[in-house]
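Shared chain: chain A. Partners: chain B in the first complex, chain C in the second.
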Partner chain A sequence: MIEASDVKKYYPVKNTLFSRTGRYVKALDGVSLSIDKGVIHSLVGETGSGKSTFGRIVMALTSPTAGIVKIDGVDLFSLKKKDLKSMRKRIQIIFQDPYSSLNPKLKIRASITEPLKLNHIEYDEKKIAAVVESVGLKPAEDYLDRFPGELSGGQRQRTAIARAFAISPELIVADEPVSMVDVSIRADFLNLLKETNRKENLTVLLITHDLFVASYISDRISVLYLGKIVEESDKNGIVGHPLHPYTQALLDSIPVLGEGEREVNIKGEIPNPIDIPPGCRFHPRCPFVMDKCRQVEPEFREIETGHFVSCHLY
Partner chain B sequence: MLEIRDLIVKYKTSKGSVSAVDRISLEIDKGTIFGLVGESGSGKTTLGLSILRILSPNASIESGDILVSGTNITKLKEREMRNWRGKKIAMVFQGAMSSLNPLMTVEEQVAEPLIIHENMERSLANRKARDNLANVGLGENILKRYPHELSGGMKQRVVIAMAIIGHPELLIADEPTTALDVVTQHRIMKLFKALRDEYGITIIMISHDLPIVAEVANSMAIMYGGKISEVGNAREVVTKSKHPYTQGLIKSIPNPKSSEVIRGIPGEPVSLVNPSPGCRFYDRCSFRRDICKTYDYNPAVLDGQHKVYCNLYEVGKQ
Partner chain C sequence: MNPLMNYLGQLRKSKIGLVGWGIILTFVFIAIFAPLISPYNPNAISGAYYQHPSMLHLFGTNQEGQDLFSQNMYGTRIPLIVGTTAALVAVVLGLLVGLFSGYFGGVPDEILMRITDFFLVVPAIVLMIVISALIGGTLTNVILIIGGLSWPMTARVVRSMVLSIKEWPFVEVAKSSNGSSLYIMFKHILPNVMPVVFANAALSVANAIFTQAALVFIGVGDVTDLSWGNIMHFAYINGTITTGIWWYMIPPGIFIVLLTVGFIFLSTSFETIFNPRTRRI
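== the complex of A and B ==
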């Protein structure tokens, strides 16, 4: 469904208002990723890893500096305006913040019907009610004529999801969809996404910093570090048998309920993406760093079937 | 160290009176970390603000006592209370790391309150600022930097340094790990443990994140709808949880080591505008009985410190 090859996104660093320094923030530094239809694929990384930038590129909200993104074989960035519009009918995004992604002056009904109108999709009252009820806002008539301000956080997030589902997209990009939602409601959202994936063969690109959330619903997981994917596998490979020291550190950082204290094997903080370290970009933080790591960038290789990693240890 | 007795805090709103903290009693030992866990609207932040007496103008402590090291601070005059804030009791506010002044260096920012409030000389204040930043793990290389040059974790450390500069006995931290990356969250938690172990500071950690709190806290209370549903030794509360709400929370957290399906808690958080008597969790509880609708329950002592406020355990009540 999605095929991204060697996608780069560089932002020029400005010194004063108009002069450029010739340096770049390398938000994405060569990301290749392919997601099959009907798969839930998570892109996991810290702040500054470039994960949201990748989501925005897949949505054609921003164009890459280099590289190609194909959706069903069609190059997203060579499309004419009209064709891009029809492509957009097939892709929807769910943002992190349910408080700011709904127009506070539109009733829920208007929020849901807006994407349908914009995409010239016919609808009736029954269809709208069905969409709203499919995300658990039952009965629909209790919600349709209310404003976002009258809903709880969980209800707002469900409205945002209903809006994304309204045009029956084939692909959903969900950018940290649960990080602002209370835990007791988070589980329902993840289950709903999984259920829609199974029933409608929906393809999902989930962008998150939480490996536990990713492992719960994903088929495949890619771990992004400073604009490059450092490890990719099915979820059992990433969670049960992580190879990259960075993936191991991410996993160790998350507490498991009822278990004791953990040691996390990672140094320092994620560097500024203007100055990407030479060699392996993770080497300044790596507990297993070798001489080679400081000079040679490791290749992204398949170590076990379907399990890729870029690390000189393997 | 801290004892709260039958505390009631209400907000006056256009829709009516909101009981954000509803007859809460708690005891916190000196030199421990106490976790206060709840979802949005549970009253956990209001409880924290009450201890510093910095509630918003439409809120007030209706009744109850807050004893800090034996002094009932609810009885103190506002003028006296000012000598407590920042000195005996300090707070790290939610999102404080994004309210650092962007035009001031880290050193100026940390030293400023000492210069303004304590009339300290700049050179002495700067030295104290440096010492405090070192205590939270920040080196001299960041002194001249501006907030935008710092990572989230560094900013959070600066905010913590500012909170502990007056050597408080009690530190209240409201959502100190929210919006931080997992690696940074782990480090900030280690910092809180160090503040407890090395300086003997008593810490109240307010958070929605149960696993993070359970890992560092000595004891912990779970709040729902302005009330405590369960309180006790942190490990016991999560491994031997008794309250249906605590159990529901635990079931909604993904654990990669188990293949169990996680489940949310059905329904929506309770509205605290003129709440009906009885259990706050009634509408969402799958074990509810008729009595829960009206009965104003008391704690059932389960095992020493572990208390659950639920009618299911009425039998064990003392």
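== the complex of A and C ==
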């Protein structure tokens, strides 16, 4: 369904009056990703890894500096305005923060019917009620005429999901959909996505920093580090048999009851995407760093069937 | 909750808002019922000239022997009309400029903001005198001149709010659902800047009332239209300040300040009520 090849997004560093830097923040530095229809694909990475930028590019909310994004074989950024409009009828987005993704001045009903109205899709009261109840806001009439300010964070996020589901999209980009809801209802949301994925063959691009969330519902997982994918495999490959030291470190950072020391520790924070380290971009933090890593950027290769990694260890 | 009911509910706790509304509504009442309140025809000679205030003439009489109390009552009408309509013109203009400038950014923003800067820097009152000398100072012209020159403040405030609101995710959601720029501006951004616009509108009214009075006082505009500024104009040109006829100049002066303060209070109350950070629970 989605095919992204070598997508780059560079933001120029603002020049001041007295200095022209000519440098760029490399939010995405050559990301290739393909997602099949009906698959839940997670893009996992730390803050600053560029994962949200990738989501915005898939939504055509921002255009890439280089590279091609195709949806069902059609290049998203060479579409005419009219064709982009009909493309957008098929894609919806769910944002992380349910406080800012709903207009505080619009009633729940107005927020949910917005994508229907804007896309000229007919609907009736019954359909709206059904959508609202499907995300767990029951009974619908208790919620439809309220403002977001009168709802809890969880209820707001349900509203945001209902809005995304309202036009029955083929693809949903979910940007950290559960990171701001209580842990107690996270599973609820993820199950909801999974269920819709099964029933309606919905494709989901799940963007998250939490490998645990990703492993809960994903079919495939890509691990993004500093604007580049360092490892990609199906869920079992990533969770059960991680190859890249960064993935291993991410997995080890999930606390598990009864386990002591972490096996792989990484130091420091993700480097500034203006100065991407030479060679392997992970080498300053890598516990297994070798001389080669400082000079040569590893290739993204298939080590096992369907399991790709870019690391000199393999 | 209905926004109006919400406002009324909050208003009960805002003393400054209640005082503001009290002052404004009193003057509106006076303006509407001026013929009933006034004991004399304001333009008719109703006694000897320069009479001291007395039970017969509450505010005394002027150089012609016209009743100043009646004149002041009728004189409430024009400040209110000019104040509200000129503010309406200013706010609508400022709102549109601010919305477009903030939303589109880039070259249109640069152009609109340089124009705004120009109007902010040029002393408006001087420009108003020049323009009304050119096109004539009828009531409509005065309204258009005041409104057409006092929108920059609103434009600036609205623009700065739009700049932050347009980055909110709900705007991106609307965009990704094929919402056009106009749709997003008016459906999503406008409702969120309205509270500030209300506060600004009330200030604009205060500003317009003051400006109109100032213009008439220095003789710009139609001096035959009865207004507080007009009364002060005649008080001044008849030299009453130096001859001790204090009852001529003082009442309209106090009224202008009072009504202006009323609208300033209203503006403050809008700000405290609609801004959740300053709202008292």
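Everything below uses one rule, namely that the second predicted complex is superposed on the first by the 303 of 314 C-alpha atoms of A that agree within 3 Å, B and C clash if a C-alpha of one lies under 4 Å from a C-alpha of the other, contacts with A are read in each partner's own complex, and residues count from 1 in each chain.
We take it that contacts are C-beta pairs under 8 Å (C-beta built on N, C-alpha and C of every residue); 3 or more make two chains touch, one makes a residue touch a chain.
Just so it is clear, the structure is predicted and the values come from calculations on it, not from any experiment.
Chemist: Using the superposition on chain A, decide if chain B and chain C clash or fit.
Modeler: fit
Chemist: Kindly classify A:R23 by the partners it touches after superposition: chain B alone (first), chain C alone (second), both, or neither?
Modeler: neither
Chemist: So in the superposed three-chain picture, is A:A187 touching just chain B, just chain C, both, or none of them (first/second/both/neither)?
Modeler: first
Chemist: Touch test for A:K127: chain B only (first), chain C only (second), both, or neither?
Modeler: Neither: A:K127 stays clear of chain B and chain C.
Chemist: Kindly classify A:F147 by the partners it touches after superposition: chain B alone (first), chain C alone (second), both, or neither?
Modeler: Second partner only.
Chemist: Given the superposition on chain A, which partner contacts more residues in chain A: chain B or chain C?
Modeler: Touched residues of chain A are more numerous for B.
Chemist: Would you sort A:K70 into first (chain B), second (chain C), both or neither based on which partner it touches?
Modeler: In the superposition, A:K70 touches no partner, neither chain B nor chain C.
Chemist: If we overlay the two complexes on their shared chain A, which of chain B and chain C does A:L211 touch? Say first, second, both or neither.
Modeler: first
Chemist: Based on the superposed arrangement, let me know which partner A:E46 touches: chain B (first), chain C (second), both, or neither?
Modeler: The answer is first: A:E46 touches chain B but not chain C.
Chemist: Superposed on chain A, how close does chain B come to chain C by Cα atoms? Whole Å, please.
Modeler: Superposed on chain A, the two chains' closest C-alpha atoms are separated by 7 Å.
Chemist: Taking the complex as given, what residues does chain C use to touch chain A?
Modeler: My answer: residues 1, 168-170, 172-179, 183, 187-188, 191-192.
Chemist: Over in the complex, which chain A residues touch chain B? Could you list them?
Modeler: Touch list, chain A to chain B: 46-47, 152-155, 182-191, 209-213, 215-216, 239-240, 249-251, 253-262, 264, 266, 269-270.
Chemist: If we count contacts the way the header does, which residues on chain A are in touch with chain C in the complex?
Modeler: 56, 59-61, 85, 88-89, 91-93, 95, 97, 100-106, 111, 114-115, 118-119, 147, 160, 163, 167
Chemist: Flag every residue of chain B that touches chain A in the complex, lowest number first.
Modeler: Residues 39-40, 151-154, 181-186, 208-212, 214-215, 235, 238-239, 248-257, 261-265, 268-269 of chain B touch chain A in their complex.
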